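Per-chain residue numbering starts at 1, and chain names A, B, C, D and E are given in the order in which the chains are listed.
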């Protein structure tokens, strides 16, 4: 089984993006950081009680699935949109949604545009990627608007061209907009339009054929969400171990043997939360309002706070 | 003194002694008048040139030096209007740009490889340094092996590496494993070697009269290969660092140097093949050269990533970097082949005849007489190809290898350093680095070209 | 050794004795030239009259070529005055062009243009420099080709001719500009004996027409037959200058004697 | 004399092994067999692997709807067109850049190459700097430089630089009026064709006259007059059938007219200046390879420097220049694939990029892309080789 | 071919200097050669004895170079037999190598290797072909360099020598292989008169040592002085062959007479 292989190897091989701000990018010391990266660390924490026992393979959009199929990597955590075709025809399993994203537009304030529906005739800068170009085309066509699209290989050049006035709007996933906005000469002169023209649920992927591994990866995310819901954080985890709340007790393993059911120790959630944190901490650390990206929780807030993050209970 | 007569006759009685030449156009004004303003067109051109310089240089200096930010620990330092280059960004990412994701604790290995490379290369490049033969051996044979072991960590399972798959009689030898060294593999290896030597002998015997030379060559090749395999099989206690973790300048240099070193002999062989009298050999070479020359490197690397595994036996999945290396080497070889062909065409027939008349054999003639001259002739073009190669290494990003530029692009995605000037700073820095290497090559080639030019009298 | 080197197109050709006029065609006054630090021409004084034919000889490296190349400014001299056809040579480009139009030159290595046919080689300068109509230029070219006895080669390329033929084309090319003065730099070295004869014959017939000629050559037969004066150079200076008979029969300077002893037998 | 023709000394005929013919046949058969075995192995493996991985191959996808937009299309294209159409658009865009780039690279390359041998110190210095700087910096940086530097220097469409109110320059590119052909256009076009023909004829006559009489003829002016004047007269006669659609600023952008997008300009400028640096070196090598004697001979005939260069040096230098020049042309064509960095929709960006991403048909798409470049390269080579033959020297 | 009858066999005549032995060094029997359609050598019959010195002359394009180049198989003949040093020339590569080791050749244009120093030029063949130790080869090379009187040039490159010096290096290079037979192709054309003398002196001293030599040259002095026989070729055939004195004083064939009349005075 994968779990045994991983344990024998001593680390988890995790496929990440070659560079996506807030999700996976190398920091000054060459460590990979970001939401996608932290998720893999969480899995490692659950399996090994050591968040560093993970190696990252930066993958391009084109070779990510091949890498998973061939067994080069154990988890693909690379802002991959969950779609039916991918889930059914590639021999993969999506384990959940770590980030609810959607494609949006950013535009100069002085263009005095308040809605994407007023963009007829606009020049659109974007990055050639998997679906962005198609989404733009669909959106403009559906609303019967003219446009001109200039597709760049990387976001860096696209945003520079937008900044230089080549385009009226720049479009990419909302999370990307937040990141790229930082590279504009005067970020405050630009606004993100309210429309979201596509659904992009991003989540980790594992390959078919090993249900135990699938369960582990799936439940690591659920555990993180549950931990946030129950107010269990890396700072209060030690106190929480003494909690009397039965839900918390089940979560931190002081009641029941849910970890063993997964093939892990009963301490698994403790390890995750202690070493990586709950979902909210992970979010705030990488993309939240205190980071340069300054992304509000929005749709990624817990269901209790009006968002979509909802985890089945540990029971 | 001399005697001159009316009818134009003249006899010199006293020989003149040589005098020093007169000094003319002394001083800056004279020089300027001669070089800059000797005619109206020249003057106009001079002024245009000066205008160009004034237009380009000051803004560049302002961006790179005057307005530049020198200290800081994150993006905050480089924000604000009228900010020039953000050097702290480069400082923060410097180690990555050099080593990629090579584990920090193991970077001394890379340093050692760099250091040894420089130590071996410099005396090789200094033409007057003695012991060229030993030096070449060390640099071209020993160094690559050492560098390979140092960089990867050695201890490569030989039978699972490429060698495991070319055993012709694997079925016979089986796969018996004895403590560490696989007996089956070595048995297989020896049998294969013996068979190949025999075949070489037979072919040599048939084609060249004596098969001994061919057989000896094959035996040497196998001995070398065996030694290499054995060496790689030894555990030196170094941590294994897979090529995915390599990156930055390290990868750029590995690809460039390997490309340069391997494309040279390949290119020469192809050029000789293309000039061969044998129609089939010639045709094969022409097809090979024209194919590789005609397609962009980017598609070649695509091919290597997506399609190569399809053409290889199941389970053979060469390392990504290796694929890129092979692609780059073959691609460059095709260009070198054309360049060398040009050089060969320029060698006068007399040189061939001179060599033949002395009783040299074909290979001696090529090695001692023709190629040294042909290669010297085309040094500028060869270096042109190498400069292109060096810059083309950036394309390996396609196969998920982060070379220098790839690493830089990854650094751009760090939100901590996301500023309007990050991109320009990064590209300016990369531009300077690329320029230093390429300019170095171009100047060195000029120097060698002048040094090897023996055609001038005096 | 043998007489092999003094090839005189003797019996079949009459010696030329047109007397030169007293007008000056070329005058060099105190000319010095340096190549970098190397003093290659030292105090050259020479006055060539119109119609005069001068042969220059001397050991290799003595500056013969350099001297005649100074006359049409292929080399620049640093000191002294050169007056050609009444015009002094300065760095004025206009004047240089003017002089080059009047001075024809025939190089040791021919320097024919290999990418042009013989006819094109000959008509190039008349058409572009003299602005002659193409038809006239071709007529002129054919005239001179006939004169050097190779009109049938007009359509070929220089690479297709033998050495002697190329040399004659080179002469014809220079003549097509109708120069007042012709400079020849070793026009017969590198030719085989039969060809040497052909080329010399061509030059003799030119000489008969009274053209001013300066010729660097070691063909002493030619010198004897057509030269008005022979100049001997060594180490960048004119050592001896005399009327041919006197020069050969009674050389004055030691160096000249030594040189002639090796060349004549 | 009889003793002259002795029987040949008996020392055996050529041994079979040492006959070069036998050797060459053996060698070639071995080479061929090796290649065949290798090829067979590849094909066999590919068949097996494809079957094992259940990868469907085929070119059916070319007829599917592309569903993405392209910013520069030389032929009609919209999102509803097929991938095949997108492929054609990509090829045409690549060819456009290649052809125009090659033209400018050649011109600049020759100028700089000659400049490197100039007597003027500043020109020599600038030419040398040009070559060393542009040759040693990655082309990607240069294209980005031209793109971003020039873009940021341009005004936005609202403040665009207007040329007589007809054409506009802004950071959206250069917009010029588009001709609309109305009733009677045929006649105007006919007169235009006639004018061109007439110019050619007059030119031929003028050349003949120059050759015959040596007198020149103001060909440039007469030609211009013919080509511009005649159609103008025809236009007036037919009452201006050709109207121009003026570009107008509507909303974000100019509407109507024809547009040259900045990506195209930057790519063309970047590629031609970069390749020109290499061509300059080739040109320099070519010129220095023409022996000094040729220049001297031309000078001594009274030809001035310019004429000497044009009539004597360059025609001979071409022999040396053309083979590497071909390589540079191929390089320029191939480097046009850098277009994707600045969003120019060339073949690689449109086809091997977006289309590949959307369809996932990697093998087919890469194979087709390689094929297209190969065909372009081979055509270029063939043309250049033919030209090379023409400039080759005739020798014995 | 009626002219063949006018060939006077050499054995009937006394040799001038060292008498050649009766052994055959080179023999050409009925050799024909074509360049494409062009019949360049026509029925060449020639027997050269060991130690014999033969001078070949004739007008340009008559096939002199081609003939001697056939002897060491730089050109392939299509008909007839060539036997060199007892070995018949066929397309057998081994044999060709064997013969080339025994036959030295000195080219009209020297064909020195410009990328090697003089010493390296000379030691190349001894080291690689004769497998001589480097030290011995260098000693040998210096010996021959002394013989041609330019030992001080050993470290220079060919491009740094004058034409005459280069020619002597070419001779020394051929000698370093200790060939049994030497072929010279116009060793003095393209040299200036003083240099011609130097080169010829070198060859004379070789001749005195009794080496078999075939020499294409127009230096009739040399022919007179050292040749055992003089061969005159025209249009691809041997027209006349005779002992030098007889050849020069009393040419038999009309063509020979015409040729000599142009070359001698």
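Everything that follows uses one rule, which is that a contact is a pair of C-beta atoms (placed from the backbone, for glycine too) under 8 Å apart; a residue touches a chain by one contact, two chains touch by 3 or more.
The shown structure was predicted, so the numbers you read here are calculated from the model rather than taken from an experiment.
Engineer: Using the contact definition stated above, find the chains touching both chain C and chain E.
Structural biologist: Under the touch definition, chain C and chain E have B, D as mutual neighbours.
Engineer: A-B versus B-D: which has more C-beta pairs touching?
Structural biologist: Answer by contact count: B-D.
Engineer: Name the chain whose C-alpha centroid is farthest from the C-alpha centroid of chain E.
Structural biologist: A
Engineer: Which chain has the mean of its C-alpha atoms lying nearest to the mean of all protein C-alpha atoms shown?
Structural biologist: B
Engineer: Could you give the separation in Å between the centres of chain D and chain E, each centre being the mean of its C-alpha atoms?
Structural biologist: 54
Engineer: Quick one: report the Å distance separating chain A from chain E, using the average Cα coordinate of each chain.
Structural biologist: Roughly 87 Å, centre to centre.
Engineer: Suppose each chain is reduced to the average of its Cα coordinates; what separation in Å results between chain C and chain D?
Structural biologist: That gives a centre separation of 49 Å.
Engineer: Can you list the chain B residues in contact with two or more other chains?
Structural biologist: Counting only residues that touch two or more other chains, chain B contributes 209, 306.
Engineer: Where in chain E do residues touch at least two different other chains?
Structural biologist: In chain E, 93-94 touch at least two other chains.
Engineer: Which chain D residues touch at least two other chains?
Structural biologist: In chain D, the residues touching two or more other chains are 15, 18, 23, 144, 362.
Engineer: Output every touching chain pair, sorted by label.
Structural biologist: Pairs satisfying the touch definition: A-B, A-D, B-C, B-D, B-E, C-D, C-E, D-E.
Engineer: Quick check on the complex: what are the chain D residues that touch chain B?
Structural biologist: 15, 17-18, 22-24, 26-28, 30-32, 35, 42, 45-46, 48-50, 52, 119-123, 125-126, 132-133, 135-141, 144, 278, 281, 285, 323-324, 327, 330-331, 334-335, 337, 348, 352, 362-363, 366, 369-370, 373-374, 376-378, 381
Engineer: Show which residues of chain A lie in contact with chain D when the two form their complex.
Structural biologist: Chain A residues touching chain D: 61-62, 111, 119-123, 125, 128-130, 133-134, 136-138, 140-141, 147-154, 157-158, 160-161, 164-166, 168.
Engineer: Note which residues of chain E are touching chain D in the complex, please.
Structural biologist: 4, 7, 9, 27, 29-30, 45, 47, 81, 83, 86-88, 90-95
Engineer: Over in the complex, which chain C residues touch chain B? Could you list them?
Structural biologist: Those in contact with chain B are residues 32, 34, 36-39, 42-43, 45, 47, 78-79, 93, 229, 235-243, 246, 252-253.
Engineer: Under the definition above, what is the set of chain A residues touching chain B in their complex?
Structural biologist: Within the complex, chain A touches chain B at residues 18-22, 25-30, 56-60, 62-63, 70, 154, 156, 160, 163, 179-180, 182-185, 291-293.
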